[in-house]
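Notes to accompany the following structure.
Labels run A, B, C, D, E and F following the written order; every chain starts at residue 1.
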Amino acid sequence: MKRLYVADIAKDAEVKDFFLVVKKGIYSSKNNTRYASVSLKDKTGAIEARIWDRVDELSACFDRNDIVYVESRARSYQDRLQLNVTDIRKETRVLSAREICEFYPQAGGGLERLKEAYFRITSEIGNVHLARLFEEIKKREEMLDRFFILPASVAVHHMSIGGLLEHSVSVAEMAKYAAAFTGADPDIVTAGSLLHDIGKIDEIVFKSGGFGFSDQGRLLGHITLGIMLLDRLLPAIDGFPDFLADVLKHIILSHHGQAEWGSPKNPMCAEALVVHYIDNLDARIMGVKEHMEAAMEDEKWSQFHRLYESRFYKVPER
Amino acid sequence: MKRLYVADIAKDAEVKDFFLVVKKGIYSSKNNTRYASVSLKDKTGAIEARIWDRVDELSACFDRNDIVYVESRARSYQDRLQLNVTDIRKETRVLSAREICEFYPQAGGGLERLKEAYFRITSEIGNVHLARLFEEIKKREEMLDRFFILPASVAVHHMSIGGLLEHSVSVAEMAKYAAAFTGADPDIVTAGSLLHDIGKIDEIVFKSGGFGFSDQGRLLGHITLGIMLLDRLLPAIDGFPDFLADVLKHIILSHHGQAEWGSPKNPMCAEALVVHYIDNLDARIMGVKEHMEAAMEDEKWSQFHRLYESRFYKVPER
Amino acid sequence: MKRLYVADIAKDAEVKDFFLVVKKGIYSSKNNTRYASVSLKDKTGAIEARIWDRVDELSACFDRNDIVYVESRARSYQDRLQLNVTDIRKETRVLSAREICEFYPQAGGGLERLKEAYFRITSEIGNVHLARLFEEIKKREEMLDRFFILPASVAVHHMSIGGLLEHSVSVAEMAKYAAAFTGADPDIVTAGSLLHDIGKIDEIVFKSGGFGFSDQGRLLGHITLGIMLLDRLLPAIDGFPDFLADVLKHIILSHHGQAEWGSPKNPMCAEALVVHYIDNLDARIMGVKEHMEAAMEDEKWSQFHRLYESRFYKVPER
Amino acid sequence: MKRLYVADIAKDAEVKDFFLVVKKGIYSSKNNTRYASVSLKDKTGAIEARIWDRVDELSACFDRNDIVYVESRARSYQDRLQLNVTDIRKETRVLSAREICEFYPQAGGGLERLKEAYFRITSEIGNVHLARLFEEIKKREEMLDRFFILPASVAVHHMSIGGLLEHSVSVAEMAKYAAAFTGADPDIVTAGSLLHDIGKIDEIVFKSGGFGFSDQGRLLGHITLGIMLLDRLLPAIDGFPDFLADVLKHIILSHHGQAEWGSPKNPMCAEALVVHYIDNLDARIMGVKEHMEAAMEDEKWSQFHRLYESRFYKVPER
Amino acid sequence: MKRLYVADIAKDAEVKDFFLVVKKGIYSSKNNTRYASVSLKDKTGAIEARIWDRVDELSACFDRNDIVYVESRARSYQDRLQLNVTDIRKETRVLSAREICEFYPQAGGGLERLKEAYFRITSEIGNVHLARLFEEIKKREEMLDRFFILPASVAVHHMSIGGLLEHSVSVAEMAKYAAAFTGADPDIVTAGSLLHDIGKIDEIVFKSGGFGFSDQGRLLGHITLGIMLLDRLLPAIDGFPDFLADVLKHIILSHHGQAEWGSPKNPMCAEALVVHYIDNLDARIMGVKEHMEAAMEDEKWSQFHRLYESRFYKVPER
Amino acid sequence: MKRLYVADIAKDAEVKDFFLVVKKGIYSSKNNTRYASVSLKDKTGAIEARIWDRVDELSACFDRNDIVYVESRARSYQDRLQLNVTDIRKETRVLSAREICEFYPQAGGGLERLKEAYFRITSEIGNVHLARLFEEIKKREEMLDRFFILPASVAVHHMSIGGLLEHSVSVAEMAKYAAAFTGADPDIVTAGSLLHDIGKIDEIVFKSGGFGFSDQGRLLGHITLGIMLLDRLLPAIDGFPDFLADVLKHIILSHHGQAEWGSPKNPMCAEALVVHYIDNLDARIMGVKEHMEAAMEDEKWSQFHRLYESRFYKVPER
């Protein structure tokens, strides 16, 4: 699908290729001419594109977070490359997993390092039933492929390939450490951490032009989908204890912590409590970091974050 | 299990039998002797029992809502029969469905009438997939037996055999009528009404001495259990459309209306909205009625209801 | 007031008439000329109008939901009629009920059918006092005229003539059915349903350019105004029982269900509970329907609804 | 009704008279005999009464806040007079205003001083319409009698005759002062302060054995009843401006400040804001004072107050 | 810094001076030319300025509430003076207190009158410890200078020099009056009123271009900063009683009334209750007044206020 | 103070010594004699005591969590030692730290191990300013003594000596680990963890008969007291950066996470977020553990926890 990456675009090149839109705005130049400025991205970097003709018409047919096909020529402006767009349209085909990886950055440390961490963590599980569960999951290649590629959420500023995996691994490592301090069962905590968001593989889909929610994602949510997914997996594992199945489902069900946040049951055992609090910590810190990367007001303070209802402060290095 | 029903107890009879405890209190008589007064019940009626010896010891070994075994003699006091208890103990065996029916009254109109209503309503479903779903459920006798016998909730004042069925049928009838007024699909509304609380058959269990919650009932709740139950049923039905499966599960998931009340997703289609509001109406009215039967302060006003945070008013007949 | 209806506008006609504004926006054409596009409506249909001269000046002097006087010529553009506006101004005179009917569509089924339903329902009331109350209301023609014409709310997307009546009749029919199932008094439920929003006839007024709130509407709200209205009506009815007056006022007062939603008293009797839940159901379903008619994102999902905090899903027909 | 006041009871007197119960408890003496201790009150003071015979039977037939008829003999115990009760029963007749005054203390400063303050404040109202309104109220003697006698609330620890008047006068004086600082109209603020709780004269009634809520008090509340009362009064005053009627009703309606606290409309004008905040201040301080008089834990701290969710602190005199 | 005040600008004058921006918008003229209209202010008045060249470039470099340096010429347009801007830039230097006074109006009645009121109120404090505390504060000239100059809040529509002082004095006067009615200690109430917002002198700072929050203001808030400030002051006063220090800090800590509004402790003594309610009243009325000065919809109703979630009503004078 | 420990009480010994009351109840024996059963404790264990004479009188003069002086004789009953009480009274003297340690168990692992952990953690702080801060704290022996001895809260079921230290050390260890995963500064996180509850040393005091709240604890709370304490410490450390002081105070201020939970500022930097979530996790898990030790309903489920609004589940060992 992709032929020419952002990193390889040369001055005066004719560029006819696919990109991800990360910003879009309409401005007017010094001589009062209206134009659209679009920030385009693929996994190698970002480049600005400008639309000077048919401004309203062309800019009306795509949005932020869309994958678009662009016809343009690269020119140099104030020492930076810029695409001079002659035509642009939204890609309406649903992309494959491989294709979608061309447009998004990979999560911290890279997919390979994260997969290794995942397999190391699952290999350290001592409980025989839980160990078998992760062997069973390993056999479901398609499931694992989706789990390894998906971002942790849709429509947040920086969505990254492997974001869900990065979050799951990070929660598992911290939660396992906290289990030691709090007397929770480390194997159940580890399994619960890796599975708490598993339903997202059915909630998030590749849509025309990027990531989006599936119908059942909107109707049922990743908590319910995760429990159904586990409920369908378990019959394949001989002798998996009923109480353990219930506890894993309970960890998934309760990981948002309370009803108002989407968990109809509070965490009711030490293992569920650990997963809930560590999940909260990791998700919130990740969200704040991304906000601070995207939207600082000055060198110390971020802009106001709507959802978290706060500005955030970067502690000076000194 | 039962041999002598309340309705058949005669004066001076020796009574050694099982009863349900509906009230328990300790008082002192005119001559300042302490005694325990216990209200005992079976499906035929209620009788007062008094414990005069070993008052603290005997009354400590059972509670309200327990099934107890009583050794006593019937005597007449102020023209009413009363049991003079010599021994009493909690039944620790788990009762069968048949046994448990001996102790609770049947829901309004009787079980048979309610079953007929259920089969009439399911027979009127035109949608072929939904019709097949209820045929499939009909084959699962054990499931249906539980659905027909269980009360609508545990530990409410008057628990009745068939209370869950009564509520489901009542919601289905009103919701179907409302569907006509609101443009919702009547078959989906009917199916959703009958299934919205189906998870209660795994949430509520017969415990030693009465009804109680199962472990998975406490850990997962009847909403999640209902969705899992449906998800296991559907593969048996050829060609059941995915969207319809998602919509039925969504109706179950959203029937409490909003996150704070235990539904992580709001009702998102007309069908789910109808089931939610009619379920609320029927459950609240039923709860208020039972409260007013049990706890009036005078002829017009009930006592304050903790959960509903209100007194209730009986409109004068005139 | 109206002379030429949308349905009768012919190509090249000179159009000088009154219309309701339902959309307004400023755009630029392919050749970068700014223009205002306005969607105009009367009871027969809608037509687009464009302002090409004095764009900012003219479009600043009216808003969505205003009645405007337009001077224009009809031309054909891409096979559709369009008004080419030369002058436009907001109508500042307060319209009469008859005039206002020229601009809004009638509620579902038409005013006549709804009035018939209203009179049929009131004629079926058996309770002699309540029957007399509705006879008394029948004598107050002006009151009834307003009740029959008003929309159910102000500034919602589709306001229709008779919307309040449609909602009241619909609640009455469903609530009466539900009364039978729940043991509530059907006559009180019917009367309460028809009167629960009666205060809107004092809360909503015809303002220059459409519907709006009266001063006392903003200061007191339709619940208080409805109770005052009833309190002034009742002395005209001989022997109306005090308790019945209190119950009707209580139904009006409590129909929003709880303090946070504007009802200082919770519904305290079966009759008030039925009206509250059925009112909620009908209003919410109506609101969702109108949202889905106005704002679908694709063929299955509506856009996000701010107030209801959700998207809504159209169950596929199949 | 009363013949012998607490202040006049002499040692060894036979006492057969009516009292208000302010405390009731069951204890056992040093030699392990059970007895009931009851604290009895009339407007002249309090005395302890003890029941030694038929303890359970007699103490079951009355409650705190009831008016009771007592047969007893006064004896001296540890240098204090005590009533030795032989019979006691709840008074079931509804008391007249005059009778009820025999049992409760008068509000701070005495009824006469408060009435004077009321008439002084109303005489200082400059606005001719508002002045006429209070003249009209003056003519309704029965209404004013109730307004002058009632307590500010029911079932609070110390209910006093004139409590409602004391609160109304106190709010009026502070609010008038605050009006000067905030630019609110002083006459409207004064009138609103005196009328904000006027509905309590229909909400609170003399019940058998003391004060209680009327049916319409429970169904409609004092806010709605106050607005209805005003709405019935105003036609008697020629030329009373509509806007002024709406503003007074709005002050009554909004004086609880927000929906959650029972006011469906927020205060929307300076006058309503002043009445709301000063009413809150006076009511809360009064509530805290009464709590601190009744329930200190030590010399500095009160016990925890359920409703206000706090302990309160008595600043040391030094 | 300032040389030419708004009040002194003459027709055709060349104006090169500093102003405060109070409004900024982009419009297009009758002949469709885009321009920026900016409302400029200093302590003597306001004047409109228009930017016709480099509209986007120039208007992008400053915002509402900024201090800007303007190069322009005054011309007359429709009988009003207007500045024709050729250059404009944001002032980046941090202004001194004296400089900042050039741009904002003074609070009601003028700074001098407010200072007099402050010193009169403090001189009337009888409690010797509290009197000494305000003498100590009087010695800290820099502290008092900031307290006298600051506005009551940042980024509200009309910020005035002395707004914090005006609010503090107004609360003190009303609270002292209310103390007499409620039995609170008048000296503690007075001191608490004057100190409740004292932390704002560390929370609000002069920023480049106007007022803003300090880092510690954002991290700790004025409540915590006020307590720290008092805690540092008190050691300078011999024999200041511990309990009095705790009570003053408690008044500061609790003046927002409850946790959700930023006070981790509820007001726990009469003195703290008085300060809380009177502070609320004064702040809300002030906020409503400023909103009504800035944003009326018609002669009676203000526009909707986001924060207070209401419109406000101006009672007609008649 | 203590002479004879529970562990050393021998049969038939005369016991006149001090104990902590952990349970108190009144029962009646088989032959219907009333007695009080009291569970007494010191750091070596617990023993039951029974009061047979002057039951009401003696048991009225002390409560759970009091230190009492007991006169009794040890006797054997059903193979267990029991104290037969002849006299008992509450100790009214305020205990010293050393004395109070005689009655409570030590926190997990013992005080010495926890102190070692504390000094190891502080010695690993690399930031020179923070390192100096903890050296300064080390010099304040009295402060550190209180910090090492206090329980983590008052009036929770099991209060242990060193509970505050145990919680602080546990948070520090987990938070430091989490800092590595989330990019927060590990030294600030460590310091913030150890200091977040430091204000408890001024909030909790030894009262007559055990632990309690100080006046300033109730008026200001441990968050404000902790900030004041730090603010008084910092001037002793040369060159401590202002921003670091603000950040530490912010961590203390925000550690409850949001206003409703007592933190007027949300955590605004990564370091504060880590401390907040880990503090929550540790405190909740500790609370649940203590609840499960004290109040299991059966072998799997705890009783309902009022504050946490849930039952808790002990995952079977299998």
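What to note about this one:
By our rule, a residue touches a chain if its C-beta (ideal position, glycine included) is under 8 Å from a C-beta of that chain, and two chains touch if they have at least 3 such contacts.
Given the structure is predicted, the values throughout are model-derived calculations rather than measurements.
Where touching is counted per the definition, the chains common to chain C and chain E are A, D.
Traced through touching neighbours, the fewest hops from chain A to chain E number 1. The pair with more inter-chain C-beta contacts, choosing from B-F and E-F, is E-F. Centroid to centroid, with C-alpha atoms defining each point, chain A and chain D lie 62 Å apart.
Chain C has its Cα centroid 42 Å from the Cα centroid of chain B.
In chain E, the residues that touch at least two other chains are 215, 218-219, 243, 247, 250, 268, 311, 313. The chain pairs satisfying the stated touch condition come to A-B, A-C, A-E, A-F, B-C, B-D, B-F, C-D, C-E, D-E, D-F, E-F.
Those residues of chain F lying in contact with chain E across their complex are 215-216, 218-221, 223-224, 227-228, 231-232, 242-243, 246-247, 249-250, 253, 259-265, 268. Touching chain B in their complex are the following residues of chain F: 27-28, 30, 32, 300-301, 311, 313. Residues of chain E touching chain A in their complex: 34, 54-57, 215, 218-219.
On the side of chain F, the complex with chain A involves touching residues 170, 173-174, 177-178, 181-185, 188, 241, 243, 247, 250, 266, 268-271, 273-274, 277-278, 280-282, 284-285, 288-289, 308-316, 318.
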